[in-house]
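Right, I'll just put the structure down here and ask away after.
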């Protein structure tokens, strides 16, 4: 069991499904690291000049995933309502970064690994957004 | 002249007004630091139990401002289009954090300083969003 | 297999044992998240006034682990020689934060989880330092 | 007056000279931003393949300066004693990154701006270390 899951089980009495939230936190943290490592890998490639877009997107994706990991780990994330738009931004960046990495994956296996981390993160963000919607609906009925 | 402004003048040939962008980057960076310091100040207050909301909001605001400082410093911010929603999220968090700090400012001068940093950052984000809109309109005509 | 390990296997031809490096990166990333979540958990405790030292140490530990995760993910970490002192600082902070969390663990299970993340991270940092020493010795002989 | 200075004046009753500490915090925050922007500038250069070392060093320097800005903004920085080794690491990275940027400055003005931010940050870190030493001596006498 991940530390994120253990932490949630040790203290949070919240309406959010802890499995969904912990999966999102883990995927965000993994994606931040994969994008950071992929920047380093891109910089070691002989054709670095063709990887500029990939480099910039991975840098943005790493920074937004790092911040979103932290915000999602706090109670305000759900209570204050700004987790939703932040996670939507994060999912959009992961989707864009994943698309760019996919283009390079056939020649650069490290981009293939990064693409997978981005895709998984995008999906985990969308699952968390669906969970927020489920809770918002539940409160109205 | 700030380093952000000097950096922009040294290399970026972009349609964005460098003054508006540099002002946003500086305000974001300052706000991240002010919120981080305000968390430390809150933790030193005798009535820390009444500052919980302020603490959590300052933590979120610091993290989102740090990430937005970095993303706004890259060309992708404008080219890829996800700077706009990220800066909108950032402005919303600064507004919310500024409101909470304002409540505590009469008793806690450090919250008054943090409120000012949040208000200035919110305004600088809105100025940058207006600049993005101006450019988007210019491209259509 | 973690993304950190997959990334290392996909591109890095380095003298460092990829298992040791990947284990350190994963432990650093986990510790950053656990400390961030533990701050949020501490802020929800009724006796928050008695958790101030824990809060400040977890904030420091989260920031240093986040930076060290990123630096350790780059080739410069080993080549430039400043990974060693940074990882030493990180191990020291993890040890101090782990000690403080241990004090609160009997009353606060979330501190017990955070302590474990800190202990594992400290050990993974020490294993990586030992690997650096092994390589430095190997180059001399 | 910078927000860092205003924050320190609004709450911190500490033996550390607030001017020295605020100058270090401002220089660290500026250096983190300059290095982040310089990475983006390097990625736009026609000879990006010759800037790889500069890119990696700026990435490391940005991350370590971001973390050190945050740690230096907290009281633990002085009380716990691990600010000193962290700031020493930070000064060493700024020195190394400044040297690399200096090499490229004649051809790349943005590297010249980044070099200045690194030099100023290194000096501000060394001034803060001297202030710590002064205080340690004062306590012994």
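Each chain gets a letter, A, B, C and D, in the order it is written, and its residues are counted from 1.
Simple rule for what comes next: contacts are C-beta pairs under 8 Å (C-beta built on N, C-alpha and C of every residue); 3 or more make two chains touch, one makes a residue touch a chain.
From a predicted model like this one, the values you see are computed outputs, not experimental measurements.
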Across the interface between the identical copies subunit A and subunit B, with over half of residue numbers shared counting as same and under half as different, the residues used are same
Relative to subunit D, which chain's C-alpha centre is the most remote? A
Going by the touch criterion at the top, tell me which pair is linked by more C-beta contacts: A-D or C-D. C-D
Centre to centre, by mean C-alpha position, how many angstrom separate subunit C and subunit D? 22
Whole-Å separation of chain centres (CA-atom averages), subunit A against subunit D: 29
Overlap residues in subunit A, where contacts from two or more other chains coincide: 40, 43-44, 56, 59, 66, 70, 74-75
In the complex formed with subunit C, which residues of subunit D make contact? 53, 56-57, 59-60, 63-64, 66-67, 70-71, 74-77, 80, 82, 85-86, 88-89, 92-93, 96
Interfacial residue positions of subunit A with respect to subunit C in the complex: 2-4, 6-8, 10-12, 25, 29-34, 36-38, 40-41, 43-44, 62, 66, 69-70, 73-75, 108-110, 112-114, 116-117
Which residues of subunit C touch subunit B in the complex? 39-40, 43-44, 48-49, 52, 55-56, 59
